[in-house]
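Here the chain labels run A, B and C in written order, and each chain numbers its own residues starting at 1.
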Amino acid sequence: MSNRKGTTSVGRKILMALSGLFLIVFLLQHCTINFLSVVAPDTFNEVSQFMGTNPLIQYALQPVLAFGVFFHLIMGIYLERKNRNARPIKYAMDKPATNSSWMSRNMIITGIMVMLFLAVHFYDFWLPELNTKFLKGDMSGLNAAGEYRYMEEMAHKFSNAGRVILYVLSFIFLSLHLLHGFQSAFQSVGFNHNKYTPTIKRLGNLYAIVVPAVFIFIALFHYFNQHA
Amino acid sequence: MNLKLKIWRQKDAEDKGKMVAYNVTDISEHMSFLEMLDVLNEQLVNSGEEPVAFDHDCREGICGMCSLYINGEAHGPDRGVTTCQLHMRMFNDGDTIFIEPFRAKAFPVIKDLVVDRSAFDRIQQSGGYISVNTSGNTQDANAIPIPKADADEAMDAATCIGCGACVATCKNSSAMLFVGAKVSQYALLPQGKVEAKDRVMNMVNQMDKEGFGNCTNTGACEVECPKGISLTNIARMNREYFSASVTED
Amino acid sequence: MSKLDSKIPEGPIKDKWTTYKDKIDLVNPANKRHIDVIVVGTGLAGGSAAATLAELGYNVKAFCYQDSPRRAHSIAAQGGINAAKNYQGDGDSVYRLFYDTVKGGDYRSREANVHRLSEVSANIIDQCVAQGVPFAREYGGLLDNRSFGGVLVSRTFYAKGQTGQQLLLGAYSAMNRQIARGKIEMFNRHEMLDVVIVDGKARGIIARNLVTGEIERHSAHAVVIASGGYGNVYFLSTNAMGSNVTASWKIHKKGAYFANPCYTQIHPTCIPRSGDYQSKLTLMSESLRNDGRIWVPKNMDDVHAIRAGKLKPTEIAEENRDYYLERRYPAFGNLVPRDVASRAAKERCDAGYGVNETGEAVYLDFRSAIERYGSEQAKLKGLVNASKEEITSLGENVVEAKYGNLFQMYEKIVDENPYKTPMMIYPATHYTMGGVWVDYNLMTTIPGCYAIGEANFSDHGANRLGASALMQGLADGYFVLPYTIGNYLSDDIRTGKISTDTAEFEEAEKNVTDRINQFVNNKGTKSVDYFHKRLGKVMWDKVGMSRNTKGLKEAIEEIQSIREEFWKDVLVPGSADGMNTELEKAGRVADFLELGELFAKDALDRNESCGGHFREESVELDGEQKGEAKRDDENYAYVSAWEYTGEPKDAILHKEELEFNDIELKQRSYK
């Protein structure tokens, strides 16, 4: 019995929404910490060290996060495939723009763009971190000079104009993804109420614009800081 | 006005089918879209050709039999109407109009523009009812007061005509607006609550079996629905499903 | 004559149905499993009957020509359903509903049947609520009622303007439950093309699968016809495009008498015809007459100016308008029964006062209602010096809340805003009170063959009151037929399965196939619609809202010649294998062409005016009622039941004399 619940269309949709909501919460946290690199570099270093070494975060939350990302991706692709199969013959003339937004129809595109970005992102940050911490066993978070290395590593990555452009583009895709995804997640878990849904939609739009904008700002800030 | 039509012709379920071009002339703007097709068909019959088959019956927007994907939209460019209520004044002289059947794996084409929507019936058979027998001894109709707001909302959900525009227009061919409307109608009424858990589980399972796609909340169905069935109904179905799956043994 | 036994139970009218139920033979549940019943049509009557019979344990085979039982045309009924619940405490009772229905039917219905209908009406509401039908409610959570034309109490239950839809979906849901259990086998996109009679009893049907074209044999111990009315004989009507007389006509040709074919209801509030291409007419609920006032201009100059587009109806001053219903019927005004309102509109239009290009339209004006409601709202809201615009806007809001969906529908079709300019309306064929003759058991003159709902003739006499069609359909299907059919089937518990491999089925199938082949091989030159439109024109012009001897005689001859030409020259493209919509239409129109003649013949025989049947020869000549319809109880208080003998013109008339023991026959006066 329990097996069939998660494997129906509605069950999968709810799981998709829950994983999405989880990623939204994570993203807000990530964004806040990164923003510290602009306003309080020292605090940024300390928090980074805490996040990178706290066992609860490293051994409990990090795997959950990785699973969440992976699940959201795989499920998204799986659903997309299923959905395409649900209409084997396409319309000769179709005008979807008259009844729905581009964002809502192209979650798979914006989603895959974000995931591709994540690959780069992992290559840039996560893999080196894993390498330093778990293969080399250096949990100090210090550089050769004995100072926290997080701030300078980050600044270094953002010195390359090509990478910054890539980041900016990726976050535009993320924004498009969130413009639909945020409010859609609430609908999927069954939260739709005449009184609250308009607020959720506004909040979703705000989030979808502000959070990626902050990320973009951080990247640009560090780039121009080094090229000024 | 004179129009160029591009219509999907398909002899039967096995035939591959193709778009065929026709011309109609002297179409009055006061005609309904189906009356325009009547003119075309009269023309075809008089020249000994087989007329274009399309589903239609009441021609007043309530039976849900008419369908058609007209110029890229289910039930055509107008809002809040079925194809039979669509009038030619929505078009201009010289227009080319694409007319296609509702497309979905779960709605196979029978002939030309006629599709098989019996999947909808099977979903209803899986749980779209309240299990009471006819007896004449059920309790008095006023025995259970129902808040007006709930009754009105149930009514709004119940106005679904089962035409399938939601499926046709959804990029995923999802039937969730249709199923959500029925689940909602009963979930809002005390009489329906008794079987609510099994109902939502069974109807969702049947919906999946029929090969409809998943809902990605694009909201296109709500826009194209001739009866204005709201997305709230899908949310309610999700909620009902969620709580049923958590609490069911 | 012996065949026409109405089988009305003995005893006082109040007790007839109860006593009947106590005394009938029942079939025990174990035996019901061995009995099959065919139900043709899945509207309110057929759907509710199929579901209830299956619940009881019979094996039901249900047929509809649409792609799903939910599409049946009962779905289009707007206004509501009557029931003698007396929830409003306004003096309603079973007797009063019975009385109103018999009176509304102009004393041409069978008392016992109507009383039974009134008795079970309250059960219908209970049943539907239990099924989850979302009727309109008041703020206290209890059911709301509205009032309808021709009665003095509020007994109409409704679900917005879609009552028929909600009731049908209720019956459909009950059917679905039985389909899932396997107790109903559903045949969508199937059309019954003949009934099969074995040893004098109806034992099956021949049906065509409309998708594959296959001709199928289906057997059963009883056959129930619930295929609705025959309004489409007029070509233009408010019926669905596919509504047809075929099932009823086929059983008629096999021995079922056809009763009162000339009783047709022409509904007064429909959207007028706009051109020759028109395929159907759209009804606007009668409830609009609660607030709308009907008028035409008083002066011919204004009429011409309006038709020429030089004058707007809103520019015509109050004193230059003729509110003819209020003028002629001060007591009931705009709320006179349907037949009266329709004839009055025709009278004005025939006199040349019609207000659209075709000359067949009158105004239905909401301006007074908007002003009245607006002022009331302004008072409620404490607006002391509300401007005219404010009042209008407030009033429009009230009207929108009551009739919004109808106004929207009107605007979509006509492209005019009915809040700002009066609606145009004209009568259109809507319902047929006549139908297959049935006895108290709802059985036709073929043993084992039943007719229920609009397909039979029994409950509405010569005119049906608003919100009574839904009541009758569901009463027959949920509460009457399930009892009466048991009484008949109790003799069949040992019969066993009926074989379809018999000479009777063979022959019926051959006849059906031959006729289909005749159509597809005919290779004529004219489309089916061409003939249907011609038939419709004759019917409307000569057998329409008012009829006379000369016209009727002409109609009979004209219909005969159209029919002859039809068989010679009809063109049905395509083949008989697979879906062929023209072939379907051809079969239906062929039957209409026969029915139409019998219809006119019946109208000619009935030289009185009653209900929807108005004979110009039979009007009041003087007094207060001068010019009104004159009923002739002395000579025509009977049901005309026609027996088929080969050609419609040779049909034999059998009379069922109507006895009125509980209601005194009176002239209907709405003055």
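Heads up, the rule we're going with is that a residue touches a chain if its C-beta (ideal position, glycine included) is under 8 Å from a C-beta of that chain, and two chains touch if they have at least 3 such contacts.
Please read these numbers as outputs of a predicted model, since none were measured by experiment.
> For the protein chains shown, what form does their contact graph take: line, ring, star, complete or other?
Topology of the interface graph: linear, an open chain of contacts.
> Taking each chain's centre as the average of its Cα atoms, which chain lies closest to the overall Cα centroid?
Chain nearest the overall C-alpha centroid, as shown: B.
> Looking at every pair of chains, which two share the most C-beta contact pairs?
B-C
> Can you give the whole-Å distance between the Cα centres of chain A and chain B?
Their C-alpha centroids are separated by 37 Å.
> Go ahead and note the Å separation of the Cα centroids belonging to chain A and chain C.
Roughly 62 Å, centre to centre.
> With chain centres taken as the means of their Cα atoms, state the distance from chain B to chain C in Å.
26
> When you check chain A against every other chain, which residues touch at least two of them?
Correct list: empty.
> Looking at the complex, which residues from chain B come into contact with chain C?
Counting only chain B, the residues touching chain C are 11-12, 28, 30-32, 34-35, 38-39, 42, 44-46, 48-51, 53, 55-65, 78, 80-81, 85, 87, 89, 110-111, 114, 116-118, 120-121, 124-126, 128-136, 138-142, 145-148, 151-152, 154-155, 158-159, 161-162, 185-186, 189, 191-192.
> In their complex, what parts of chain B are in touch with chain A?
The touching residues are 6, 8, 19, 69, 71-73, 77, 98, 100, 103-106, 169, 171-174, 176, 201, 204-205, 207-208, 211-220, 223-224, 231-232, 234-242, 245, 248-249.
> Which residues of chain A touch chain B in their complex?
1, 4-5, 8-14, 79, 82-83, 85-96, 98-101, 104-105, 107, 180, 183-184, 187-194
> Would you pull the chain C residues touching chain B in the complex into a rising list?
Interface residues on chain C, with respect to chain B: 48, 51-52, 55, 66-73, 75-76, 85, 87, 120, 123, 125-132, 134-143, 159-160, 162, 165-166, 169, 172-174, 176-177, 179-180, 186, 188, 211, 238, 240-242, 274-275, 277-280, 282-283, 408-409, 412-413, 415, 478-479, 482, 527, 529, 571, 573-574, 578-582.
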